[in-house]
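The structure appears right after this line, and notes come after that.
First chain written, first letter: the chains are A, B, C and D, and each begins at residue 1.
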Amino acid sequence: MPVVLLRHTPDPERVVALAARICYSARTVSELETELNDDEVGSLLSLLLRQGHTSPFEHASFTFGIEASRACLNQLTRHRIASYSQQSQRYVRADNLACVRPPSVSGNEAAQAIMDQSVEQARRTYNELLGLGIPKEDARYVLPVGAMSRLLATFNARSLHNLFGLRCCERAQWEIRDIAREMLSLVRGVAPRLFARAGSPCEVLGVCREGAMSCGKLARLRAAPNGGK
Amino acid sequence: MPVVLLRHTPDPERVVALAARICYSARTVSELETELNDDEVGSLLSLLLRQGHTSPFEHASFTFGIEASRACLNQLTRHRIASYSQQSQRYVRADNLACVRPPSVSGNEAAQAIMDQSVEQARRTYNELLGLGIPKEDARYVLPVGAMSRLLATFNARSLHNLFGLRCCERAQWEIRDIAREMLSLVRGVAPRLFARAGSPCEVLGVCREGAMSCGKLARLRAAPNGGK
Amino acid sequence: MPVVLLRHTPDPERVVALAARICYSARTVSELETELNDDEVGSLLSLLLRQGHTSPFEHASFTFGIEASRACLNQLTRHRIASYSQQSQRYVRADNLACVRPPSVSGNEAAQAIMDQSVEQARRTYNELLGLGIPKEDARYVLPVGAMSRLLATFNARSLHNLFGLRCCERAQWEIRDIAREMLSLVRGVAPRLFARAGSPCEVLGVCREGAMSCGKLARLRAAPNGGK
Amino acid sequence: MPVVLLRHTPDPERVVALAARICYSARTVSELETELNDDEVGSLLSLLLRQGHTSPFEHASFTFGIEASRACLNQLTRHRIASYSQQSQRYVRADNLACVRPPSVSGNEAAQAIMDQSVEQARRTYNELLGLGIPKEDARYVLPVGAMSRLLATFNARSLHNLFGLRCCERAQWEIRDIAREMLSLVRGVAPRLFARAGSPCEVLGVCREGAMSCGKLARLRAAPNGGK
């Protein structure tokens, strides 16, 4: 952790290519399975990515274990085309409460000191509330949104591409960006061609629609000697 | 607030009945619109509810404004067949931080005192972190999960029935149960027949699948003189 | 028919703007409802469209009655973020079987003659099968995929934008393209600013990802005196 | 074919149990993976099925290749929580048009003769239309809805349970019921405990909500010596 790839559809690139092929072929699935060679898989995936025809990507699923702050996991679980099973604060006692420490805080001694103190105070209050007979589900109202939590998340490859487009962008918050990049790195390890072009729109499509709120990365990519390629 | 019904499909019961009717009729939509009288609307809705054929319910949408704790809204937004726009802690400064106070706490003077103190401490820390130059999106890591937030939520009537079945149940947490019941009361105000049978399975279907974790309400309903009817 | 707009969220542009505003404001929904003036609604919608931030669009729903061939409606119902209630061939006897006639056929006298003959033969066979005691659900196996059908469809404005992007494109088949354009024209009638930029990517974004299969429209737009604007 | 199981999440029962466990445990995913023994997997799955808590089932995915009539595949693809890649009649020439023959027809010599004749006529017309320069996508309007087609479909185990509940029911049409039962048989081969209780509500829950349209199977199950168990 914080991110592990627990399971994935076996041979994910091949099943995606097969799905793409079946749409345009008179052959049976079994015939296609037999005939499709690995070079064709690569060409098909490359074409689908270029054209943005990513519906066949849905046939490949990836299941992750993720540890992050509640703040971050709340952002993640807003992606509705995915499945989640999250540790419950109603049922699991927050005995070893850990709070994620943002880089902006850990790089600032004064900030770190008061944050740690506040978290420690919340922890103490939580335990005292339990001691007073308050149920866990209510005592947790004092816990910080930065408290560490964990979940299992399953995404198909198309929904992952959408996630990477939004969350690898510099305008996403650092924590979910870190998570998204780690997820991308893990799926690239098992399906490099399926995720050859993946990430923020500036990197993948050479476009940025953030307007005045753009981070400026696209301009830097264009100014680079090789035009960002 | 905490719950207001902002918008809904006009004439929601009629459009649902029309959708049900079109499946089994040779007539055009316009003919059906003209012919369908209000008694038939009532009979159709009653039949659909009894048989659990609720796919036509999807044609009626309801948009709510909801204020509740982050803890509660995180539960709500796990319902994926719905649309949400939530106040952002990244962009909106938590100037008037209010923390929802659970009944178990407000009914316990000692608990209330330490909870208020902890929330006050979190608020102070948050402001100090901002003063130290920490961005809002990071300073919020110390805010309590009980902090009040708000969102707009749009559900169709089928997804609402699912929400009511899960969240009006006694085993749901009190806060989302309160929200769900208020939502049910509001939609019943504009579409009474569409939500005539809605709520926890014990009330609607006379069944409970919680097993050893059941709240016992079904047994009480059955023991009532009129058998819970 | 073939396309009518039956219902929509009242004041659809305003509810979308409200949803966008709530994310970045410390104000309550009621305060925002009161304050938001129509010019701000227009600016917000324009900004959301430009940046592609269309999640608030989901709060506005539109319900259509549509008549088209089964071939076309099967393409339409593949859009999964929408709700459908379709006339059933299992339950509704195809007494007045009409088959959609493609322009390529109606513009070719010989083609039209043999198509009409084939449809007439299918109709006769269907009735004969019913006469032999074959159930409607099985007799329909001989009906042509061009047979006229009808349904109710409810889309939110975000899903509509996706539909228009895919189905207003010249590479979509003529029948669903006609339907999509008619839907776009109808929603523009009630929410012009919500759908100001809508349609194929070449028209909306000035891009085409179809590669070698492009229809060439983007090139023509660019060659036009005003650069397609 | 007609149904093959092409891929599935490795170790599907274990990943579902793990997802269920993480919600109620303070342990990390890795610790849970190590500790969870196969008996516990079995008990957890049995409990989830009994209580209807099937959200963890979403982490297990199954990809099928299916051959069936267009009529049947149109019913299948109405299940929106799934992914499909279907052979296109716009791009694939229907050279070897086969039409599915319903049992009610194949058991009736006269019916079979006129159905075969009608299909043969449609095939001939299709080829003639192509010969006249009509594009495949338009010529297909004369093809019968019983024409054989094929697709790849990916469902998670929760969506499969929903499919089985609706389509294994006697009131579903014979063709999709056959397909659904074959799918159930295939997934039971690789995840018997995940699908131990699956199928029509009368068999799984001992209830039927079809009312006057019930097939009567529940009554028969109840009248059986062992009460249908």
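Definition applied: a contact is a pair of C-beta atoms (placed from the backbone, for glycine too) under 8 Å apart; a residue touches a chain by one contact, two chains touch by 3 or more.
If you're wondering where the values come from, they're calculated on a predicted model, not measured in any experiment.
Same-residue interface: chain B and chain D share over half of the residue numbers found at their contact.
Between B-C and A-C, more C-beta contact pairs are found at B-C.
Our note on geometry: chain A versus chain C, Cα centroid distance of 32 Å, whole angstroms. For chain A, the set of residues touching two or more other chains is empty.
Here chain D touches chain B in the complex through residues 47, 50-52, 207, 209-211, 213, going by the rule given at the top. Listed in rising order, the residues of chain C touching chain B in the complex are 1, 4, 6-11, 15, 18-20, 22-26, 28-30, 33, 55-56, 58-59, 61, 63, 65, 67, 83, 85-88, 91-93, 95-96, 150-152, 154, 156. Of all residues in chain D, those touching chain C in their complex are 69-71, 74, 77-78, 80-81, 84, 89-90, 99-102, 104-105, 108, 110-111, 114-115, 117-119, 121-122, 125, 128-129, 132-135, 137-138, 140-147, 173.
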